[in-house]
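All chains are identified by letter, namely A, B, C and D, in their written order; residue positions are counted from 1 within each chain.
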Amino acid sequence: MTSLDVELRSVRDGGRKALVPYFVAGLSDDWPDHVRAAVHAGADAVEIGIPFSDPMMDGVVIQEAADIALRRGTTLLSILDELSTLDVGVPLVAMTYYNLFHHLGLERSAGALRAAGISGTIVPDLPIEELGSWQSACNDQDVACVLMVAPSTPLERVERVNSLSQGFVYASARMAVTGAASDGGHAADVVQRVRLSGDKPVYVGIGITTPKQAETAAGFADGVIVGTALVQRLLGGEGAAGVEAFVGELRRAIDAA
Amino acid sequence: MTSLDVELRSVRDGGRKALVPYFVAGLSDDWPDHVRAAVHAGADAVEIGIPFSDPMMDGVVIQEAADIALRRGTTLLSILDELSTLDVGVPLVAMTYYNLFHHLGLERSAGALRAAGISGTIVPDLPIEELGSWQSACNDQDVACVLMVAPSTPLERVERVNSLSQGFVYASARMAVTGAASDGGHAADVVQRVRLSGDKPVYVGIGITTPKQAETAAGFADGVIVGTALVQRLLGGEGAAGVEAFVGELRRAIDAA
Amino acid sequence: MTTYMNDPDALGHFGSFGGRFVPEALMPACLELEEAFRDAWADPTFLDEYHDLLREFGGRPTPVTYCDRLSQNLGIELFLKREDLAHTGSHKINNVIGQALLTKRMGKSRIIAETGAGQHGVASATAAAKLGLECTVYMGELDTQRQALNVFRMELLGATVRPVTSGSKTLKDAVNEAMREWVTCVDTTHYCLGSVMGPHPFPWMVREFQSILGREAASQLDERGVGTPDMVVACVGGGSNAAGLFAGFANSTARLIGVEAAGGSAIGIGSPGVLHGMRSMLIQSDVGQIEEAHSISAGLDYPGIGPEHAFLADIARAEYYSASDDEVLDALQLLSRLEGIIPALETAHALAWVFREAGKLIPSGSTVLVNLSGRGDKDVAQVLDILRSQS
Amino acid sequence: MTTYMNDPDALGHFGSFGGRFVPEALMPACLELEEAFRDAWADPTFLDEYHDLLREFGGRPTPVTYCDRLSQNLGIELFLKREDLAHTGSHKINNVIGQALLTKRMGKSRIIAETGAGQHGVASATAAAKLGLECTVYMGELDTQRQALNVFRMELLGATVRPVTSGSKTLKDAVNEAMREWVTCVDTTHYCLGSVMGPHPFPWMVREFQSILGREAASQLDERGVGTPDMVVACVGGGSNAAGLFAGFANSTARLIGVEAAGGSAIGIGSPGVLHGMRSMLIQSDVGQIEEAHSISAGLDYPGIGPEHAFLADIARAEYYSASDDEVLDALQLLSRLEGIIPALETAHALAWVFREAGKLIPSGSTVLVNLSGRGDKDVAQVLDILRSQS
């Protein structure tokens, strides 16, 4: 078990629904403050999006944020550098595409993540078939590999994903890339199917936009991941205060679930 | 023998080289005056060009003149109408394309030509193979069919053209459509080959532009036809006086031959 | 038994049409060409060369395509002979390859050609490049402006394009000009005429060169078990693609249908006349001046029609109809959307007639073969402009 | 005996390249597709349908043309496989017909496709029209502006074109967007990828669909008594026409040559990476961001290459070179002028390499087969602009 597993299980076992906000690293000079604000407002973990030129799983909002970050000269290593001095006291999970790690080298990447205080990764274009070497490089550094389950994933595959995923299982609420959505999608179904084959925490993401949606998801899942809605606010000019307010809202909604 | 044959033989037998200027009928209101001026200056016959939309044997100068005439509303019958009152005392030969006669009807055309005082026709797109019905319609009206020989015409064909041509044989000086030229072309050769098979008058045309060229041609031919050089002057704004002057020059050059 | 589409008489007449109405200066060239063609067409070596080139360079045979979706919609069995797949995008290549080979056989080193929209010009330039001949293309000045890309295409292929500034500055004037120029260089130069028009032997020779498409289609339908179609349909400008198609079916039970542009319908609104070396049906004024044709498709913008078509109409072996510009635009869109083939605007005339007449002049259940004479790529910009301005 | 261009391993690897790097949401669709293709490709009924459609609709077989004049100039024996004569003007039709048939077999009613210059988009729209499928094409916004006529062509064929405004607004982004959209509609929709790239089974499946051209060429050269050529040469964007060609000769003595655009040479200046679902050679920055490719030809403007090519290069079974924009322009003009074929700019890369290397890397007297992957009509306006601005 990785330390991410241990920490997130303890959140769940403490009866708390996990709230995981997502940030595009490098979006602005003060992005680390956004992370801090989110944690201050009650985040249980933070997803750190590392911008990539070709974000195949992301919708327009996160694409735009990633573009801005890249134009600012952000790189994987520059982000890890900034993170190494950011001690927010909750787990950080890096979300990006496989090429960045592949290019830097798997062992080197995993080591650098750990050195920056990151304890988990989400790599949406790395399915279980290709996961092996990355997962062993990560696990050597006590970095967890969080895997996703989609509404289209057949039961037999859900089992395999479930058994390989570390930290939590990322249940995609809908057949879509990241972005806003007006309903909860298939989240409940997906979560239910994941639960059939294991007892890992299951978090819902992809399309959780409003406190109301977060509340609903928290009713059946162990945590919720909110990305686009937050990034949208930052693109709209809100800063740390806006983050704190919105995450606080989400927190209250989830706690009411 | 048509009356054109008779008249033109008598010119030759009188020891005179024939001068045949060409006009585009209908080019201007006073085009009949141009004809009169030419005769006054010594023309032995006049070629009356009847404008056609698609003058395949004509160069740019005569094309332009024909266009102007057509835009003025000139038609075959309007020309014949004007000619019927023009009694210049020398033979008139109509030059045009076959479609105009074909369209009006062969008998009707020949009759109208004769009624207008025209005694010969040159139809450059009507070769001997297709000549039959037109020639008999013409001959019924004592209208001659003047035929052309080109530098490319083989001897055996020259004989046939020679035997069918009436009035005179039109020896094309060059392989070209009507237009100015800087030398006399193959005129001497062509005339010589025509003479091998008959004793009809042979006139040279196509590219006779200057008095000098006319003089040279008159050295071996029985007559010269001058079109483009004259039409060019009329397009340039010269009127009957210009015609009289230029035809006079040509006359003197020919007589000097 | 009467047979159809035989050779013309010794002077090139199909009934009272055809013949040879050219200046004496061109007669020897026409006679030489006739003899050379007659000789070549009976020479297995020439035929092999011609067929090899069309196969290995020109992309023959072109397929016959069955139109599932349209057939169902129209209640007929619709087949297309796919000349759009021939090299340069239309049937024109069949003719130019033949004439270019003949040019070499006559010891000439150069061809000249007229073109309207540019299809025949591009095809001529192509054949000249392939066979190492010089090539000059006469094209109405207006057309060179409207079809600047086709001018460049010809130039890329090594041809010289001469804008023609006389008359209406379009196809008919390009023919006049090519004839005028031909007079000056018959020794070294062959006039590669683009349709079944002009003086004998052109109408006959071009039909023979194009007949490959009709004969191919007939045997392809046979092999597929379709047998003789009830109708074969082609658009008609000069009439070469129609003549080529009809040649494959003239002595069968198939009805032969030619479709002209409504504004260039020489059979429909023309009368007999003489132009460009032939006696045929022409659109002309009441005093015998030739008029301009008007059509959305440059390739049908010709006031005449090949003399053999005039003859086939006369003896009622073939029927000629017309299609309007609007019907043509609709037909182009319908074929594109339902069958995945964007036809040339010319071709779309044949289709428009079929779409209009299915269930009317074309009895339901009929088997209909349409000659897909060319692809629409050349026309896409024009169609876009028109549709945009209509909406 | 070692054989080449076999099937990839069970997970779609060619050596260390290939694989399936897609979001979990797409995995079931990729697995379903793999199974459907495996099944179809072994089913004589499917094969018949595929071959019939390519023959009767697509214009196959395309000929092999011998280039007399260029062969003489270059001191080699030069043959062209004429994919320019296939329907829609390039080899792309071979692939889309296969995938469209497969779409119906999987019970789906719609395809989506990415396109750069528009060739694959037009081909996809065409196959969809023919088979009655819906079609949406993703195209970088910049490309929709540069290729407005191709957009209209797709619309005429009944497809919807979606401009992609993300990233560099070109081909690579169109692929991203198509993938994103595919996630939302995998149930009803097949993603009709245009080259030998993307996640397994695409690189393998597209190669199999394109192999028809290589196998045809091999037997055509055999029938002509030419036998095995010394070299077979193709341009490489994603690499589908090259893969199809190589497939016909992989286990012969022929050298296999791929020619990339100098500014998009994934083998030449790239390094291993993961993009668009595959591990392959990619042009990327020193921190692993994918860079834009730069080439005169939109179809080679891709920063990656199909994984099997990366593998063939790795094991040295195939060699990859590049050609510069200037060489490409020259080559386009030379082929046009001497052989009467205006090639696509993409294709002209393969020709440029042959023209440059004849007598150098290509020993004099060699027999060389170049895949004439497409016609240049789509590029004529661009070439005109460039040449005009240079003069």
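The criterion applied here is as follows: a contact is a pair of C-beta atoms (placed from the backbone, for glycine too) under 8 Å apart; a residue touches a chain by one contact, two chains touch by 3 or more.
Remember, predicted model here, so these are calculated numbers, not experimental data.
Centre-to-centre, using mean CA coordinates, chain B is 37 Å away from chain C.
Averaging C-alpha coordinates per chain places the centre of chain A 97 Å away from that of chain B. Note: centroid distance chain B to chain D, computed from Cα atoms, is 66 Å.
Shared interface positions of chain C, i.e. residues touching 2 or more other chains, are not present. Taken residue by residue, chain A touches two or more other chains at no position, since every residue touches fewer.
In terms of which chains touch, the assembly is arranged as an unbranched chain of neighbours.
If you check each pair of chains against the touch rule, the ones that pass are A-D, B-C, C-D. Residue ranges on chain C touching chain B, taken from their complex, read 11, 19-29, 166-167, 172-173, 176, 179-180, 183-186, 271-277, 279, 282, 284, 287-291. Across the complex, chain D is touched by residues 55-57, 59, 62-66, 69, 82, 84-87, 89, 125-130, 132, 148-149, 152-153, 156-158, 332-333, 336-342, 377, 380-381, 383-384 of chain C.
In the complex of the two chains, the chain A residues touching chain D come out as 52-60, 63, 67, 70, 75-77, 97-100, 102-104, 124-127, 129-130, 147-154, 157, 161, 172, 175-177.
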